[in-house]
Amino acid sequence: MIHWGLEVVLLVLLLSTAIIALKVKDLLAAVVTLGVFSFLSALVFVAMGAVDVGFTEAVVGAGVTTVLFVIALYHTTRRSND
Amino acid sequence: MIEHLPILIPLTLLMGALLTPLAGALRRSFAYPAALVSILAACGLSFLGLHQVLVRGTMRYHLGGWVPPIGIEYVLDPLASFMTVVILTVGALVFVHSRDVVQNELPEKMVPFFSVSLLLLTGFCGIVLTGDLFNLYVFLEISSLAAYALIAVGEKPSPVAAFRYLLVGTIGASFFLLGLGFLYMITGSLNIADVADILPSVVSEPPVVVGLVLIVTGLAIKMALFPMHGWLPDAYTYAPSAGSALIAPIGTKIGAYVLIRILFYLFDPNYSRLQLPLTSIVIWLSIAGILFGSIMAMAQKELKRMLAYSSVAQIGYIGLGIGLANPLGLVGAVLHTLNHAFMKGGLFLVVGNLRTRLGHSTIPLFDQTLRKAMPWTMASYSLMALSMVGIPPTAGFFSKWYLVLAAIEDSNWTAVGMILLSSLLTAVYFFRVLERVYVRNSSSTGESGEGMNPRETMPSDVESMEVNASMLVPTLVIGGGLVVLGLLNTVIVTEVLMRVIPPGL
Amino acid sequence: MAELYTSYIPFFAVAISLLAVPFILLSSRKRNLREFWTIIASLGKFGLVLSLLPDALAHRVAQVELLQISPGIGLALRADPLGVFFALIASGLWVFTSFYSIGYMRGLAEHKQTRYFASFAVCLSATMGIAFSANILTFLTFYEMLTLATYPLVIHKETPEAISAGRKYLLYTLSAGVLLIGATAWTYNVAGSLDFRAGGLLNDVSLPAGTATGLFILFLCGVGVKAAIMPLHSWLPTAMAAPTPVSALLHAVAVVKAGVFGVMRVVGFVFGPNVMIAFGLNDLLGILAGLTIVVASLLALREDNLKRRLAYSTVGHLSYIVLGAALLSPSGFTGGLMHIATHATMKITLFFCAGAIYVNVHKENISELDGIGKAMPWTMGAFTVGAIGLAGVPPVNGFVSKWFLGAGTLESGNVGALLILLVSGLLNAGYFFPIIHKAFFKNSTRFEKYGEASKLMVLPLVATAILSVLFGLWPNLFLRLYDLSTSIAMSVLGGTAR
Amino acid sequence: MVEYIANYSAYWLIFLLTITGLYGMLVKKNLVKKLIGMTIFQTSVIMFFVASASKWNATIPVVDPNIGSAATSLYINPLPHTLMLTAIVVGVATIGLAFALLMKIYHQYHTLDEPQLLERMR
Amino acid sequence: MIRQSTSPIIVLIGRLVSPFIQVFGLYVIFHGHYGPGGGFQGGAILAASLLLIRLCLDSETAQLQFRQALGTPVGILGSLAFAGIGLMTLLLGGEFLDYAFLPFGGMKPAEIRAMGILLVELGIGVAVMATLVAIFDDLIGLEDHG
């Protein structure tokens, strides 16, 4: 039987960031929230014992992907109807 | 060197994919020969592989010397070797054909195009050859990524089509991965043979069922089984001619191949058929797909789009063969994979020829001049159309024949009726084009049938616009090949496909 | 039991006209050379088929398996008596049609003659293939080939009318082909074999009633479209949009005869008399045929267009043959077979005449033909021979087959069928004699300035008319068609009670 | 029941995350939002794998001198982790390609809103 | 498109942190077969450092560090290192990627394996780094010729 403690807390946070990222109308805010999401998920990975996945996610998900997202927005538009 | 064949085939393609841009960087004109050499080499290797498998039996190759289930295994069994031959033969023909097409449509992107195409084929061959489920996922994604990229360089709306395909494809792949996760949770292994050994003892566990359902859903998306086909028509229509000629014949078949692997090799065929209603769901979806695809194809004005919808219908045939889950059905499905790969590949080559010369492929603009201008192209088109309809000596008839036999054996009369009906619908939409090309007078001389001098209606001064040899030869090879394949299908069935049938079926 | 031996002659008989196609296409610019190939192929084909005749009569059957097209099923050709019988008629009449076509096409300066002659050659190959097929799958292959090769002929004129006729033709025949595929697959599933066998491939198989009836209906729809059995006939009058030699070919030589030949094969060699009787399938077939005979004859009465009237007449006469098969009695079967031959010679004469009239005076309607007999005495003479033959008047050969059919109805005790035969004989007279009357006995000055059509057209039609009479007097002349048909009837019906 | 849900709470949350991601991909009209949904979806799948590999009372899969390399049951199974690294690579590649497509689309149609896009494609 | 930042803090921090990140990236690559880490993670970290410079500084400086034109070729070369080593082991008689067959004289099999893995990891790292930077550059550069 597995007892989850920290993970559950982190996951709830994760879920809320995910929902925020999808709900926010300003795309830049959404993307930054997604960065937070990635970072939190990196924490979850570490908490679950997957250290390497954790810091890969931190670098790639929270770092590179967010940068790419921001650049994509910079070139397109920040506005969104939903 | 023979024992390295399972890895050599994808490796040759991968090296080609990597070396092509390097050669292109050196001098642009080097890129195409490099790509061509690597695909021809891989094609030769695949035939060698098929021969070896038929002579010596299944070849297993352990990557890095690690024995499975720890290491990754590559398996060249009859089904896999057959599929590599199909993929690479079609691929090689398309490559030969596409030099001028690409030069014409994508002059800027010649080098990346061939590199990415090779990557696509690497992915396909990897999927076929790997004996490791996760490896399979990775190759699935490699091929999908390459396909997205190939589609996106086409006509103006192509990025949108590619983007949609990307989203849907990612959902499919993720479902597949999620399903793998469930299987892995229970079995603790990812090697296909190993998992197949473990599964019977744990097969009733809920995660296994959930995993299987997820995997099948994911694959259904990848193979564009109705109603998960939404991405396909746009993607095939807007892709560049050479790209769709490469993706359309093989892309969806790979999904079908993996489905066969999962349902009949990984799981016990009887489990897939009897314990879960999965196969009957596949059957009904396939039947719906056949009907839907055929009807939609009849409504299309653009040849490529018509072919794309026809692909939806044809995938239904393959799905039907898989769903029937009896030996004849499997033979029919695999044979149809081969036949349809050739037919659709050839048809898209014809589209490439038309677009190169006419600059369009809109059916209402076709008329008799086309027959005079491109006699050989249209002759191959006719052969391919006949094969698509399923007229006996051509290849298309025989896969339908096995499918009908399988459906009768299963007493599934709806399926029998649908296969037969869709032959007619296929005839309608293919003869529509043929009639324009062979009968329809060019619009100016008019409709006044009676009393006009027949000689005037024939535009004898139409100059030949036939494409050059490098494009014509592959088209003709496929056109003629369909008859040969049809006549030789017994050899294929008895020598290869009979060995494909897994023991439990 | 017949003795089998391997011989490639059936294959060559099929292939020879196919081989001529490239030559015809290549010599498209030189008319005479192109026609030379056609003639050579037709004569060669007839010769090859003729060489098979002695063996067929001696119960020695030449067969050849070219390759396996599906495990256990070969692309096999077998020159059994029925096959030789049909092949003889088709290839023999092709010779006449070839000469006639040349005259017709040149007379009208038709376009795309190369395509016409090439398709014609393919058609004949397919017909030979149908005749010699050793199993249903081979039959199916050639049957579809015939469908496709006929399509360019039907649409030859490329008028909107011809194109829509072509569409209708394709729709009907391809649907039939598709149903035939289903029937074939089902048979294979039930019987495990597809080889034609005298007395019935399904004879030894225990069939549930539903399966037998379903299979039979599928087969009937499959071959019935080409045989123009009544609800499935409507493509045939429409296809009259084609040039007349094509109509002749469609109606007399290849296509519809392939259909009734298919019915013969299905009745005698797939189901067999025992199965037919056991499930009452012969009654079904007989009723359909009888209805077709009567209704088609009535419809023919209304038609003013000569070719369309002939077309409805064909529909009726094809069902004579089907009726002969359905009677399942030796005389009836013989009569049906004989009617394939006799109807072919007579109907080809009539179509040749219609074509000759069209080429010469450009008239297609019967009401416009007053007094044409004076302008074209040979043509109309031949027409008269054909017409009275179809009505069943001796000494033309139509009488012979009708006689046997009548005997067949008595043998099987089917009075209704006899009645139908008699009524339809009268109807036949009713729709043919007015034409003859108009041609010879109505005076009109309309055709004074016209003479006969060209020799290339008149000679073949006179020849077929003479043939009709000769066969009527001596049914066993030259080709020993009578011996062949009785031997076929015996081999099929040998094992039954009747 | 409550206990059941509690025991598998992490899985349930991950499942919710998957649903959220799917919702974003399928329902949201904006293409960037769809991509955000896709990222969430992929992350949740990866997380599912990692969660399925994790064990109570086991340590990270790095050889610990106090435990040694013999007692494998005391380590978390590292295989899913490596697999997930590959999955992350795939995800990044997909996202990279998606951005390229996104910018091409915007360049051609000047909108990222799907209904508008479909309108302008006609 | 990225102009030089006007804020000296950003420039300074970017310049200051980037080398450390790079060292860490290399560490991760080289440490890959002992502990958590490996080619991909290291490559991603290296790429992150390069991206940091590209974001913080003007493009000339960034180009000095890693030229845009190099992205694709270096990525290909990195992948080739992986495929090539695999091919080499195959040609030398072993299975694909059976590092024990690599021709390193005077080493124990275990060391040869470690060496082989290291080379492959290095190749992957370089490939990942170059590819990620190339994606970035392509996205940036799209507007210029668009």
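As written, the chains take the letters A, B, C, D and E, and residue 1 is the first residue of each chain.
In this text, a contact is a pair of C-beta atoms (placed from the backbone, for glycine too) under 8 Å apart; a residue touches a chain by one contact, two chains touch by 3 or more.
Here the structure is a predicted model, which means the values were calculated and not measured.
A.B. asks: Give me the chains shared as neighbours by chain C and chain E.
C.D. replies: Both chain C and chain E are touched by B, going by the contact rule given at the top.
A.B. asks: Assuming chain E simply isn't there, give the groups of remaining chains that still touch in a chain of contacts.
C.D. replies: Excluding chain E but keeping the rest fixed, the chains that touch end up as one piece.
A.B. asks: Of the chains shown, whose Cα centre falls closest to the middle of all protein Cα atoms?
C.D. replies: Measuring from the global C-alpha mean, the nearest chain centre belongs to B.
A.B. asks: Which one of the chains is farthest from chain A, going by Cα centres?
C.D. replies: Centre of mass proxy via C-alpha means gives C as farthest from chain A.
A.B. asks: Hey, which chain ends up farthest from chain D, C-alpha centres compared?
C.D. replies: Between chain D and the rest, the longest centre separation is with C.
A.B. asks: For the pairs A-D and B-E, output the one whose chains share more C-beta pairs in contact.
C.D. replies: Of the two interfaces, A-D and B-E, more C-beta pairs touch across A-D.
A.B. asks: Compute the distance, rounded to whole Å, between the mean C-alpha positions of chain B and chain D.
C.D. replies: So the centroids are 30 Å from each other.
A.B. asks: In whole angstrom, how far does the Cα centroid of chain A sit from the Cα centroid of chain E?
C.D. replies: Each chain's C-alpha centroid was found; their separation is 24 Å.
A.B. asks: Where the CA atoms of chain B average out and where those of chain C average out, how many Å apart are those spots?
C.D. replies: From the centre of chain B to the centre of chain C is 43 Å.
A.B. asks: For chain C, what residues touch not just one other chain but two or more?
C.D. replies: Residues: none.
A.B. asks: Using the touch rule from the top of the page, what residues of chain E touch 2 or more other chains?
C.D. replies: Answer for chain E, listing residues that touch two or more other chains: 36, 38, 40-41, 132, 135, 139, 142.
A.B. asks: For chain A, give me the residues that contact two or more of the other chains.
C.D. replies: Answer for chain A, listing residues that touch two or more other chains: 51-52, 56, 60, 64, 68, 71-72, 75.
A.B. asks: Every pair of chains that touch: which are they?
C.D. replies: Here the touching pairs of chains are A-D, A-E, B-C, B-D, B-E, D-E.
A.B. asks: In the complex formed with chain A, which residues of chain E make contact?
C.D. replies: 1, 36-38, 40-41, 44-45, 47-48, 51, 55, 132, 135-136, 139-140, 142-143
A.B. asks: With touch defined as at the start, can you tell me which chain E residues reach chain D in the complex?
C.D. replies: It comes out as residues 35-36, 38, 40-41, 128, 132, 135, 138-139, 142, 146.
A.B. asks: Could you pull out which chain E residues touch chain B in their complex?
C.D. replies: Listed in rising order, the residues are 72-73, 76-77, 79-80, 83, 86-87, 90, 94-100.
A.B. asks: Sort out for me which residues of chain D touch chain A in the complex.
C.D. replies: By the definition above, chain D touches chain A via 7, 9-10, 13-14, 16-17, 20-21, 23-24, 28-30, 32-33, 35-37, 39-40, 43, 46-47, 50-51, 53-56, 58-62, 76, 80-82, 84-85, 88, 92, 95-96, 99, 102-103, 106, 111-113.
A.B. asks: Which bits of chain D are touching chain B when the two form their complex?
C.D. replies: Counting only chain D, the residues touching chain B are 18, 22, 25, 31, 34, 38, 41-42, 45, 48-49, 52, 80, 83, 86-87, 90, 93-94, 97-98, 100-102, 104-105, 108-109, 117, 121.
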